[in-house]
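In what follows, chain A forms one complex with chain B and a second complex with chain C.
This part shows the complex of A and B:
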């Protein structure tokens, strides 16, 4: 492979943002990915910091960050980089034609497909819950046959929310889909077509009136723009809100497509379906990483490397009996000696899970350390879910940490 | 055989493959990769009656490209198709489509009569009755196969050798691409070898449920290439489905001694040239070119884990303006889009690409895959080229 300045390993949110930030500084970037990251099937909302370690909701995420322990990824990245990272992210979305709204200063609570609320910060405009807070009544639109989305369940939950209206109605749209199970992607593709949009609007109009606030699953088109949203708003003079749901949750797919096309515009070369298995090191520096296909190995030299391989979900971390490891560089992953201390036996207790915090310890420049604070390689940086010191599922910070650390590493690489 | 690759239990049901599958997007009759591949494979194990759920899969491999767990979904699909056809009869059409080499050997001596025989309205109707898509013309056979033309070629001899694997498409339909490859290598002081005994790579047989025939094809090719692979000579293909099969698919499906050693030497032509360029081994005094082109990356190239070397090479040629169509699968997938009952799906899959091509106003569309080029030309009327043909103009 042609030499370049930076190799980013991993095509999830952290890797994409890192690649964009490095390319913005005119670095020659190659991004290597085994598969797609969680963002392609997730909700695409950028959670920043939803809960304190004790489980108390955080009202002002940015301010709260000052209180985090020094090994938390936000603390490692630093206050200034954190603020800049979110600015950079918002700018990327704007340039990609799918502007996000929100800020890290205040938490926003958004409805979910099971009728609960979840704290987040940055959202596509189509997910902004503000109209719901201002409404006296709302309509939940369901789609016949759609899996994992039950208007009654949503209404039962949202009625309990003090800030929300107490009157809800349901309208069921029939997309007339034969064949396999219907998921949100199927509906979104239907609404990508003009005939689908017309049929949907016509059916909705039997149950909604001008000025209504209308909740829909994440189905307003697969493309990262607000074309479907705007057409719906114009045709019905209603406000629409997309609710986050189970994978595939199309709102994340839109963000994924947007970021891939933005990094391509910035000249990043993408190598898909390639797994990095090892690194070539020389005297405290990494000189190349090696991909391993069914056919043979290939070497990718660069000046800097950003490890964005995710956690256990994506294979960035691997667990064995009594130990965990990072497979590319063989970096140390500290775990409790006794495996019984790895997890909270009550899986659905709502409590934090120790294993969710496993990952790489990094220095102030996001370089993985040997455990005693010293960087193992001077030119290897780690970002996103590979890092230790946070529990993204419990504290609700996954995409926020991915954006902040990805951006920070992209600005640090030589 | 790299049998460890079959582990369907690595699937964590994340739905990434479902999101990218172009056939699932085009038709609701296809259950999608997650269901047809890993999920159903678990049920297939206890020897239930074989099913045809995978029949709609085109083996385009977009699912494999997206999977974060490394599940070889498309290969699971091909295995289940093969299992079905072990117990059921094939359609004659599928036999014809998957035995392109034999058909080519039979038809080529009678060109142009054989083309007339396929293209005239009466036989088009008859082909339709056999299950071919009436609206999708089969590519026309050439009078002189690549191999025949190659044998008549006077090459300059150089100590550096490279083996060229033509494959059926270039041999019978598009020999110019093979000749362009020879010219580019000659300009860079390489001698091209085409060993006797090479045939179809086997991928059409895999895709149509003829694993036995595919395995025989693999064995023959491995044997024909052994002397060269033993000597460390690179084996290069201009067809991305051939190179993918030689590198990967044959190892995933069959246990053929020597296949791994061969795979380690196989290159896509543009991958090979880019590597030579990076090692400073290509001519640098290139001719000035001109023209505006649109590039389409074949799925079987994207699956190889080598990026887009052709796009990269073309971008560095002087005077060329090239942009990436970035519009997904063309829909044809080798033999898939020629089938009457798959034609609509194939056209729907390719629609985004066709729109990009029509809107681009480019002088030509460049793509490594012969059947992608055929599909694009038939659907849009656009002129199409293999990257090597453009490179020839710069190097010669």
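This part shows the complex of A and C:
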């Protein structure tokens, strides 16, 4: 096997962006992926920084970053790289034919499947909430049998939002999947078909009128383009907004498909369904990683390695009683000795969870460090949720940190 | 002000058993419970229907009671009981003398304990420790405490018995030396009310002393805390007991797809604290690993804690698990009876003895019939056949038995409306039709109530998927008109979290991170301030 410049371990958002950024600099990149990572759990919107440590909403995320502690991944990546990372991301989406809009300067609030609003920054056009803010009334479309999406629950929540309309009505579309369990992916695949789209439009037209603002679950096709959205808008002359909801997140999977096709275009080789089981190290450098795939062990030598394996959910971190570890390189993960100090008394406690901030400490070049602050390997970089020092779920910063640190690592690798 | 003949305070096994017993004897009875039925000790134990063998050496009287009641409950409560049988296992290093005493004790209590060949024991329970040296078979069983309480109530209702949950007794009203009523408070609205009656039965479990104190009477019930761990899979088909003097962490009980390990024993000042601590969980795991060597690798669902109500001299496990019925006319107050001590396996007998005392005072001649009549009827065969296409094979019997009288209407709904068939809870295989049926019960106020009736949210994901779905479905059907859907989801996740927090490692921490990615990161349920 021929050696490459960079091996990226992990196929979630941070790994994909890192691979894209390295490839952009003409590096020869291999991306090793076990699965799609947490990108199918999140909504595909790029949340940057929604809440400050005390729980107050952040109106200007980019400006707020200056106040973050020095061990926060944004602070590690630096202001300049942060701004460039978002530009790079927007450019990737634009080139891939699925443009995102927004800015890290201003928070935008999008409706969710439980009728709350969530702060974010960058969105695909199909999730842009602006039309809702301008409307006097809105329609919520539901799908018969879709078990993770309940128009009445959404309406009950959104009615409380001062800037939103006070009049909502519901239209239920029957995808004729009765008798079996239906999720958003089933509906999205139905709308990938011409007959599905026609049937859906026909049924919606019985309840919506030209000019309406229409909220839908994230089901407007599985493909990263605005084909279904535009067809719906044209046929109904309504504005459609996709709402964020439960996994599987179709909007997240679209972003995944988009990024995979963009990095392939840039020559990145993707090794799928492979788990990195160990690293080969020599004198403070990593020389190769070893994967265990469906068939046999393979060795992947490279000059640099980017660790984008995620947190506990994705398997990038593992916890035992009173201890945690990073399984590929065996890098140190600091945790409180007493298990009782790992978490707050409430799951949604209005503050950061200690365990959510567990991860790898890194230096200014995103290289994991030992207890003394020195890089463990000169050519290993860590990105995304694997990093310590931030609670993405509380801050609403997960995808933002993934994009920024992924980009930064992609530009640092030799 | 309402008026009944008897008010029973406490909605655990004992209280619901007394309600059933008195109702069957024709006494107009109302049960009040400050939370949901079975929300304390009757739903917070290992779910073991004792054969009595555990008490064979230390507490022969309890042992004898257990085996008699065990036989009765398997008959009248067969829908709450899974007839698993049990093993008593002596490991290398456990005293041989105790085994001899135990065999003799079982014989004296007429508990059928039969030695099992070691090879056969390993064939039947392959995960059991290789260090086992003696194995005996006893008629232990698994029992669902939630269902037991509900089925007692279902039976009582057929005889006119009534229940008010989320109704806390706050005082006992008296006129001279007679009880004339109970002051109550609606714990959801705070509304205060008074219920007139001729007799009050104090069946408040660990809180018996508190209730008696309102009448100026001292009853010294000591709560004794027990912590348990629920594992994500069924790694034993039988109840497994360690054959040694009773100690912490030496009972395993299989329940449907999961296994429960218990318990610890420590005296506590108040039974209200039911949050388990990490240290208690680690002790259980340490001890349990001796019986199942791979235990540390098994995925945990959650830990939970309850309190045994001990009423006798002695501390903790050394105290007798016997019960005592206190007729307080000896204390100078007529019309108050306390049922103190006891344990779930003998709850029916305890209810019978209590009802005997009450009936004697009321002059009611009818005899107890609770041991003769099943709590719920079997669903008609034809109905089960009709239901078969709509339930997963494993879920059908579970649903039929947990729904009882509601099974017919639910099957009807599933037949007529295909979308009612969707699984709200995939872990425990609970359909929308069942969730709605539980939600329509007048005693349902939150997702926890639905959980205890249906098992929704008790499986692997611990509410990650089903809480949104359940609330969404309830809001759509206008079943929670006056409630905030977000608060319902949040409360549900937080009660689950109490049990996950002390076991936050391994796959449990993965699940917790996932839950937060969904409910905090994506749905912003935690954002205290929104725009």
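Some observations on this one:
FYI, the second predicted complex is superposed on the first by the 402 of 414 C-alpha atoms of A that agree within 3 Å, B and C clash if a C-alpha of one lies under 4 Å from a C-alpha of the other, contacts with A are read in each partner's own complex, and residues count from 1 in each chain.
To be clear about the criterion, a residue touches a chain if its C-beta (ideal position, glycine included) is under 8 Å from a C-beta of that chain, and two chains touch if they have at least 3 such contacts.
Worth saying up front: this structure is predicted, and the values here are computed from it rather than measured.
Once the two complexes are overlaid on the shared chain, A:145 sits against chain C while remaining clear of chain B.
Of the two partner chains placed by the overlay, chain B and chain C both lie in contact with A:313. Of the two partner chains placed by the overlay, chain B and chain C both lie in contact with A:178. In the superposition on chain A, contact of A:247 is made with both chain B and chain C. By the touch criterion stated above, A:41 is placed in contact with chain B and with chain C alike.
Note on chain A: of its two partners chain C and chain B, the one contacting more of its residues is C. Common to the chain B-facing and chain C-facing surfaces of chain A are residues 38, 41, 178-179, 247, 313, 315. Across the complex, chain C meets chain A through its residues 277-278, 282, 418-419, 421-424, 432, 465, 468-469, 471-473, 475-476, 485-486, 489-490, 493-494, 496-497, 500-502, 504-506, 509-510, 512-531. If you check the complex, the residues on chain B that touch chain A are 2, 5, 12, 14-16, 18-20, 25, 27-32, 35, 64-70, 247-248, 251-252, 263-264, 266, 274, 278, 302-308, 312, 324, 326.
Across the interface of their complex, chain C is touched by residues 38, 41-43, 47, 50-51, 55-57, 107, 109, 112-119, 144-145, 147-153, 156-157, 161, 163, 178-179, 181-182, 244-247, 249, 311-313, 315, 319-321, 338-340, 342-343, 345-350, 353, 355-356, 392-394, 396, 398 of chain A. Chain A contributes residues 1-3, 30, 34-38, 40-41, 177-180, 183, 185-186, 189, 247-248, 253, 261, 264, 269-275, 291, 293-296, 298, 310, 313-315 to its touches with chain B in the complex.
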